[in-house]
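Shared between the two complexes below is subunit A, which pairs with subunit B and subunit C, respectively.
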Partner chain A sequence: MTLVLEQVLNGLQLGVMLFLLAAGLTLVFGVMGVINLAHGSLYMVGAYAAAIVAAKTGSAVLSVLAGLGAAAVIGMIVELGVLRRLYARDHLDQVLATFALILIFNETTTLLFGRKPLFVSVPKMLEGSVELMPGFTYPIYRLAVIGVGLLVAVGLYVLINRTRIGMLVRAGATHRQMVRALGVDIRMIFTLVFGLGALLAGLAGLMAGPILSVQVGMGEQILILTFVVVVIGGIGSVRGALLGALIVGLVDTLLRAFLPGLLRQVMQGPDADALAAGVSSMGVYLLMALVLLVRPRGLFPAHA
Partner chain B sequence: MTLRTALTGVTAGLALALAASTASAQAPVKIGLITTLSGPGGYIGEDIRDGFKLAIKDGKLGGVPVEVIVEDDALKPGQGKQIAEKFMKNDGIKILTGIVFSNVASAVVPDVVDGGAMYVSPNAAPSNFAGKECHKNYFVVSWQNDSLHESAGQNATNLGYKKAFILAPNYPAGKDALTGFKRFFKGEIAGEIYTKLDQTDFAAEMAQIRAANPDVVFQFHPGGLGITFLRQYQQAGLKDKIPMVVAAPSLDATTVSAVGDAADGINASSHWNTDFDNPANKEFMAAWNKSFNRVPTYYASQSYDTALAIGAALKGTGGKVDVDALGAAMRKADFQSVRGKFKFGPNQHPVQDWFAVKAEKGADGKIAIVTKGVILKDHGDAYAAQCKL
Partner chain C sequence: MTDAVSLPAPAMRKGAAVGWLAVAVLLAVFPTIADALGQPALVPLVGRILIYGMAAATLNLVLGYGGLVSFGHAAYFGLGGYVAGVMALSARNGDLAFGLFPGTDQLLVALAVAAVMGAVLAAVIGSLSLRTSGVQFIMITLAFAQMVYFLFLSLKAYGGDDGLPMRRRLGIGALDMRDDRVLYFVALTGAVIVFLVIWRITVSRFGRVLSGLRQNEARMQAIGIAPRRYRLVAFILAGAGASMAGVLMANQLRFVSPDMLHWTKSGELMIMVILGGVGTLAGPFLGAAALVGLETVLGAFTERWQLLLGPILLAVVLYTHGGIAGLVTKLVKGRAP
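Our next item is the complex of A and B:
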């Protein structure tokens, strides 16, 4: 029983990380109509900035600020310098340009910081594990990641559905020309939305630092899953991104955790292991195919 | 049509220039080094490149002037093939080396040996080229893939563990790893998991390990995967409960510096370590520390040995680049390996000793890899018998 609970928490934690990335990606995609492959690079920027500041100063607060700031600022520079020229162009041009950005970011990071993965320690106050139930302990850091992710989800909901800026973002997504005709500076809105997306990617990156390996190319590893989340959730919908991310996180974790055991009851050991490894790595993609079959626009399409 | 004519003209011109350059007696022998420099595995290629170049003294290997041409395969088998083709056809290179990953090697090596050039591996050595498909122009200076993990299996047996939980990524080298470990581990297997090559979260596996409660965990996760795995193993509170035995790729110097305390106390097995007490290794370490500000990985040592082996072969032929003569000279392995003892087995893969090493905290508070003792003596590989050369 505690094993199931632990795996559910693990799934939630993976889902929350995916949500932070997917939220930015889906907003940029839905609001601005841009496919941004370089979103994973902003995640890497956040992780590197936080890791380097943490190593130099030893302060967790400064490193969080550095990670968020670096990702948001670089995100906005990318929007102003590159993406702004691509809004009117074909999706293929956008894919090419943002793929080029991935290569540029990776090579620049290699030149500046070398190829060795960086060491990041867990902040002192989040070290260790906590006993949630008798005989069931869970790392505090992972609980904190889940907490931060859920807070961000609530914050985004309020921002988009309850504020003037959020209203303009929603309006800009559906009737870009109309919003412009009303005298709103839609370009500035776009820059802000992109900056927000980058900020969230940076947040995911800096939180991933102590759990994963901070290295060149780390963004591309998680980007594919993030796209799966966006497609399942429905392009442009933050609500969809949250639900999609939690579903993907849980399905991926639970399949890996329990499929081998289940299969072993009906098959020979080695065969069961091989089949389980295969099916669990296909799991989220099968899920995506199913969702696309039943609801081609995702679970919560933004513009129904 | 005009473009094609122009291209033909340029190619012909280049070929002429090339013919002219190979004709001159003083021209250095070209060596093509294909390795992985970009992406998460990039640090391995960097050490292979730097280790190789470190062995070249005043532009010479074995007294023969050489020129090393380095290209990045980006861990793409197709890209590796293209580079090899360019090296052989355009640059007239006869000696190739450098590949890090088995999947790239599997694509490139057959092209090289069939094209009449020789390939000397500083790292990857998949099982299919060690047995029936061995080739007279193919040498391996590192190890055969399985041997790494056989030594880990023997190490776990020697340390007295009875019940092991084993994990590796779901790809050919991962399967070789678990097969190799099981071949030499005498105890019982409590659980066996294939992870994903692009996996970033191992929490599900940690929970299963805790539930199975084994004596020991064996895992093979090279590069960034291993860093992630070790860190999460510590965070899950397993590090102090269940000891870990790994092979060299899961505990190289880079991994240790990236995970810090999470590596403390891990048992590994390796064919080389920084602290080996032999003149060749002392010379290597001194030269390395003079040039670079980082601890060399075992990849660097293998590549250094590879350069020495090529140097010995060149010396044997007096600098003549004749692949058959080079092969005959290389088979003698007439060089001082940084590992101490080294010779080639019947399939031109190494026969060498394997050592138990352990990550321990030194006097300066930093974790270092320390040599503990011999695990296997004069160990070859399981496939040599199938090779008819």
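Our next item is the complex of A and C:
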């Protein structure tokens, strides 16, 4: 029972990380209509900036600020320099230009920091575990990640649905020309939305540091999973991103944790392990196929 | 109704036909030239370019002519590679390849099997992916290809992470496949066949419909054409073709690994199509030559050659239209009075 609970929490933790990435990706697509493969690179930038500042200064606060700041600033530079030219282009150009950005980001990072993964320790105040139930302890850090992710979800909801800037963002997505005609600097809004998406990616990256290894290529690994989230949730929808992320996080984690055990009851040990490894790594993609069969536009299609 | 898109039988313009024939002859005598120049190492290099060109050309069918941005083409390419590797392994061990059919040491058999398997995989992925369009289509094809990647990564019997070396190349009759020249001519034959088949497709009624769907789906539907069916057929043809190219690649390298299925390989195939020129016959081959050439030349200077590839690609996407093929056309037309 505690094992199941632990894996559910692990799944939630993966889910909120995916949400932070998917929210940015889906916002950028929903508002600007651009597909950004380099979103994973911003996640990597956040992770590296936080890891390096943490190693240099030992301060958790500074490292968080560095991770967020680096991702947001580099994100906005990328928007101003490259992405802005792609809004009017077709998706193929967007895919290729942002693929080129991935190459540039990855190779530059390798050049600067080498291929060796960086090790990041958990901040002092979040060290250790807490006893959630008698006989069941869980790392505080992972709980904090889940908490931050859910807080961001609430914050995003308020920002988009309850504030003036959120209103402009929503209007910019559906009635771009009208917003511009009313005297709003839509380009500024685009840059800000992109910066926000980058900030969230950076947040996911810096939180991933102590859990996963910080290395080149970490962004693409999670990016493809983020795509699955966005497709399941419905592209352009933040609500869909949250739900999709939690579903994908839970399904992926639970399959990996329990499928080998289940299969071992009906087949030989090594065969069961091999099959389980294959099926559990394909699980979320099969889930995506299933969702597509039933609802081709995802669970919560935006502008339906 | 459907006659609206039928056209008179196609004929290549005379100038173009002569040009292509000259290129083919040049490629046919290339090994001799390379030997004369004392550069025999160029022969397998150009062979590799031709094979990549075939794979990119099949991608171009869906991407360039069909306007479908498939970001998972490495799935079929890699699948073909594994068909070659696994069938050779099974022929040696005397067991069933993929637990389904006996192995072989014959290249043509492997090609046929790869075509069927590539087509089946493309039919499955295509029929699901084509329910969507635009950005979702890009993400879904990428995700399904990643799924195939993970599948082969987990198949420990076929090497898993480490890949699967082939002890001997698959052969054709009595041909000596250890000879680089023989391999080269196999690749060249394949490339010529792919080139001709794709040319024939693009000038056929089917090809016109495919292009029409890219340009204006609503109008094509209005004249009674069901978009999904045409796109799916193009997708399946491209999958089968890429899978066959994968067989040739694995056979030339005598090695296949999950790298061949990796999403960056899909990206590379896409780059070849774009560098060369989207929706042109020669583009994918020119693009393959450009990318493999860049890799060879820049890679000789620095291991970090992709750092240079990034900006080059960015410049091509942002500032050029039509890639190398477009440039060539512009130059040729510019010279004409």
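Everything that follows uses one rule, which is that the second predicted complex is superposed on the first by the 304 of 304 C-alpha atoms of A that agree within 3 Å, B and C clash if a C-alpha of one lies under 4 Å from a C-alpha of the other, contacts with A are read in each partner's own complex, and residues count from 1 in each chain.
Just so it is clear, a residue touches a chain if its C-beta (ideal position, glycine included) is under 8 Å from a C-beta of that chain, and two chains touch if they have at least 3 such contacts.
In this text, all values refer to a predicted model and were calculated from it rather than measured experimentally.
**Q** After lining up the shared chain so the two structures overlap, which partner does A:185 touch, if you call subunit B first and subunit C second: first, second, both or neither?
**A** neither
**Q** In the superposed arrangement, does A:115 touch subunit B (first), subunit C (second), both or neither?
**A** Only subunit B; A:115 stays clear of subunit C.
**Q** Have a look at where A:296 lands relative to subunit B and subunit C in the superposition and call it first, second, both or neither.
**A** second
**Q** On the A-aligned overlay, A:281 touches which partner chain: subunit B = first, subunit C = second, or both, or neither?
**A** The answer is both, since A:281 touches subunit B and subunit C.
**Q** Classify the contacts of A:142 with the two partner chains as first (subunit B alone), second (subunit C alone), both, or neither.
**A** A:142 sits against subunit B, while subunit C stays out of touch.
**Q** Which of the two partners, first being subunit B and second being subunit C, lies in contact with A:271: first, second, both, or neither?
**A** neither
**Q** Both subunit B and subunit C touch subunit A; at which residues?
**A** In subunit A, positions 106-107, 110, 224, 274, 277-278, 281 sit in both the subunit B and subunit C interfaces.
**Q** Which residues of subunit C touch subunit A in the complex?
**A** 63, 69, 71, 128, 131-132, 134-136, 138-140, 142-144, 146-147, 150-151, 153-157, 263-264, 267, 270-271, 274, 278, 304, 306-307, 309-311, 313-314, 317-318
**Q** What does subunit A use to touch subunit C in their complex?
**A** Where subunit A meets subunit C, its residues are 29, 35, 82, 85, 91-93, 95-97, 99-104, 106-108, 110-111, 220, 224, 227-228, 230-231, 235, 274, 277-278, 281-282, 285-286, 288-289, 292-293, 296-298.
**Q** For subunit A, which residues are in contact with subunit B within the complex?
**A** Its residues touching subunit B are 3, 6-7, 10-11, 13-14, 106-107, 110, 114-119, 121-122, 129, 137, 139, 141-142, 208, 210-213, 215-218, 221-222, 224, 253-254, 256-257, 260, 269-270, 273-274, 277-278, 281.
**Q** Okay, in this complex, where on subunit B does subunit A touch?
**A** Going through subunit B, the ones touching subunit A are 37-40, 42-43, 46, 170, 192-196, 198, 200-201, 203-205, 207-208, 211, 223-225, 227-228, 231-232, 235-237, 254, 257-260, 294.
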